[in-house]
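Below is one structure, written out as structure tokens; comments come after it.
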């Protein structure tokens, strides 16, 4: 591809999934009107969900899902060896995602609960960066395809790949939404990284923080505000724990 | 020379999730034919424990990236039934429309991205973008329409945001509904093109007598709730889902298998069609005729065709539904409720078949026990037994190992399995 | 009934009409600043070091070339379509109307993209923007030009001016410091400056290499070499904030009046027009009130350095 | 200016015709807050019935009709080694109904900033010229403090302004367009009685303010208190969420980004409203942040609102609508912050310990 006198190379990508719902990978096939142009930017070397072709010579690996079995660890490590750029793709990959809720209960209990006396192998859920080095994180449950498109275009052209550093409230206010706090709900929008176009609060459901913490958040002021407004601390705990994205900030109290 | 072969497909491509096919033939005799699901288990039934009812649909929708709306609605239905909450009629209409969006999107994805390459002999849809641009465009147009319907009704196409216990957190915007109506009008031609393409394909001839199970309500083509009915004549109440499924473990699969009156049964578009073809929109019935689909059809490859017929139904039904919604007062969309203890099943027809969520709540509306039975789980046994029968028939027809392998993969894909879902 | 549809005729909104509706709006050159750039062709690129390149740009349209005029110290917004625009000081002579030169360091995303382009390509500039060095006021005085590292880029414009009007100035010293000898930019012009323009050049590096025979240390150490009549001296200081903090307070102690010392400030900028507020320092816009400030103003700006 | 009175039913008729013919926005109730208060926003309206003429104040200002939150400034299309740049300043005509005096004052301030400076903004001008503004007065909310900034009345910047004098609206007509449109409807010259009612109305509004913020000599106080602990105190509460700036009618700082189209055949240059409270507002190449602390950033918003502009045009740009105060989750509001600064100043003058906790 030549544009403006510069030469751009297609991205040699591969997409892999681990413990997850595959909803993020599915976004590759969404935003149909720009799909043909989108795939023009990619040289898909391996992508089991949509293609039977499989080659090992990719530069960039999109890794979806969290890690919860020993074979997954091995598979991830071999992907890391091959990939020049490894992308943690989606909330499960970036933070562990909803799967991490399992970690609240001892593993054996979970196995017995679901599989009775036929045990299956399973480990506590880990995020991708617990196992291998991650070069780029694209959070979201699911990832926002528009943002994925933008990032892919940036990678192809060599322009800046950036996620917003500010929180969801900015986008929420731009949509003229009524603040969930005014509707009596705890919302994680003010501590969560924007980029989703405030999709949840625009649908009048509180932000559960799938995109993880915004840059340099004021977590103490946030928990203080929940207390001051007399909102349920149980609810706060449930929300902060939902995607495991605020692990680093949680204290025994929250 | 008698055929000796061993087909070992590790992580079948172009399906959602991880599944393996093993077929072993010695001296022209089938020794083994096996379908194994090797997906990593996620333990949603454990995760959901202790969670407040209002949060549950947001969690369970994450069971599946394709049919998240079905999962959300199955949970919502079980919780609403458990706590005796009646959603307002407008909310029910919007939910049905949301199901239509999801089904259309899912069917289009399956038909064009996952199944069509088999018939065209390409590894994926990507080469088809060059060789069959109109066909791919038709597929994308339909898929986009499905996604747009989901977005207008639930706020987002994957993982809905406004489906909540009690109704909807936000009503769809009427201007956007009107826009959908125009979009449907425009995209009917894409559907026609798809029907002509699939009518021209040589669908493999293979039959194995099967018990087909789906929802049934006796008045309309079923999507949300109703009785459980099988083509073998079983009819049960929604709450008796366990008697309809009889889950059992089939190692090494991490997904369970089910059965009803026979060794296996099937759910999905074909099952819905076989049980409810009378309730299809007349246009869809016409399309079925054109595509050579008649109840009760026992050829699993015809699943693809049944999905296409359902797309016709959906486009036409969505039109009526949207027109109705535009005339409705959409302010009353959420019933406030007080949490209470209870238990119930919520069954919906997900794109791949009947989906059950069973939930028990405590006084605060927190889930104390949950059970989810996924359509693909209900198809696993059928896929497994079909594989054997298919291999046997192919051997009789003198097919070689490559042909058998191709047929086997096509067979599994026709079921449109959603594996990570089945190992939730 | 009147037609209640409320519209303003389209032609009201095109550029010409817009310009006439705002008093003192000098159509072409002002619009060239705000949105529509001057399209330029890159005629030449010189690699100065691994991190710095000198770009020569020629405005494509002859009429636009005629309009574009700037003063030493001003900057332009350089637009690389698709990548973005960045503020860059003009590093060539303002009496040269054929082309402009920009000395650019690879610092981030837009500047890195600039490093991938080749002569012949087109890009755009908006401007010129900002305040300039008071070269007229400086006439008749001694001049100290002090540059650290890339600071030589904005200093080249006043340097050219002085060279071209050498007889108007008394002693001119150029004090130039860099981290390493290889990072002294424009060394190929040193002889010309010294012999033809009679500029006293003093260089210093922080880390010498085997070949380096000159001074080593911080730039302030060069002051020992020169004697200046502080009452009759103007100074221009360009370089990283830490440097001019040191240098200016040193010159202050030597007795150069604060309003005769000039610095060029850097901030994040998007518009160059005092609208986006990204470059606000206190109540001052770096882009329109600056980038050239006298040291007195800088001292009075909170957060300036 | 021409003054008229119009009966309320006739006024509704006028509005109805106007909004049916044009793309229009007016106050509508979008929600009911948990405390029972209605939440209003300027929303699309297609008939007079959809407009809440007796609303209180909208949660977000009308700023985005003139400065969209996100706006494409220009487009580039690429050909080989060169490109074309396209700019469209046009904007569709819009009718805005129900703006409060403070909202209109805010537009006048934006006019000052964006049209009267050295580089007037054609984008803004196009929108401003193509918007028909109908103002309406109201009784202040308990926390409105526009009177402290003398923005509770307004005499320019609108096409038509309506004051509620009971049975009728008292109209101030400020554009020929408004005058011509109204010719089709029944209006009357204000009678002596109408004028009295109007004076009473003004008095009533003026006397109803319950919040006062002393903004005299604020610019210099802010200057002196640049290092004040007050900024740390409020900074500790600030979430850097930008909500205040988004809802504010005069916060106009922005950011620009450029994006290639997905087919790489073109690119767009976009403006996005930003806020000095956002964490990366003052970050430069290499990652240095000139304002690394919450308090620094919060301070800058107050500087810009209450001091920054003062040096340029000798007016503060805050109009006292208190939208920011109402929207701030942690309760940061101009009244509290400014009072704190004043206290700080006064406590210093009397040599009392400058405790930041004292309010």
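Letters A, B, C and D mark the chains in the order given here, with residues in each chain numbered from 1 onward.
We adopt the following convention: contacts are C-beta pairs under 8 Å (C-beta built on N, C-alpha and C of every residue); 3 or more make two chains touch, one makes a residue touch a chain.
Being a predicted model, the structure only gives us computed values, none of them experimental.
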Central chain (distance from its CA mean to the mean of all protein CA atoms): A
Which of A-B and A-C has more C-beta pairs touching across its chains: A-B
Length of the line joining the C-alpha centres of chain A and chain B, rounded to whole Å: 25
Inter-centroid spacing, chain D versus chain B (mean Cα positions, whole Å): 50
Euclidean distance of C-alpha centroids - chain B vs chain C, Å: 64
Intercentroid distance (Cα basis), chain C paired with chain A, Å: 43
Residues within chain B bordering two or more other chains: none
Overlap residues in chain D, where contacts from two or more other chains coincide: 78, 81-83, 258-260
Contacts with 2+ other chains: residues of chain A: 3-5, 157, 159
Those chain pairs that satisfy the touch definition: A-B, A-C, A-D, C-D
Touching residues on chain A, where the partner in the complex is chain D: 1-5, 8, 34, 37-38, 40-41, 149-150, 153-154, 156-157, 159, 165-167, 169-170, 173-174, 176, 178-179, 181-184, 189-191, 214-218, 220-222, 224-225, 228
Residue numbers on chain C that touch chain A, as the complex places them: 81-84, 108-109, 112-113, 116-118, 120-122
Of all residues in chain D, those that touch chain A in their complex: 30-31, 33-35, 39, 41, 43, 59-60, 64, 69-70, 78, 80-83, 236-243, 246-247, 258-265, 273, 275, 278-280, 294, 327, 329-331
Parts of chain B lying in touch with chain A, wherever the complex brings them together: 11, 13-17, 40-43, 45-47, 49-52, 55, 58-59, 62-66, 68, 109, 113-114, 117, 123-126, 129, 136, 140-141, 143-144, 147, 154-159, 161-162, 164, 169-170, 249, 251, 254, 420-421
Parts of chain A lying in touch with chain C, wherever the complex brings them together: 3-6, 157-160
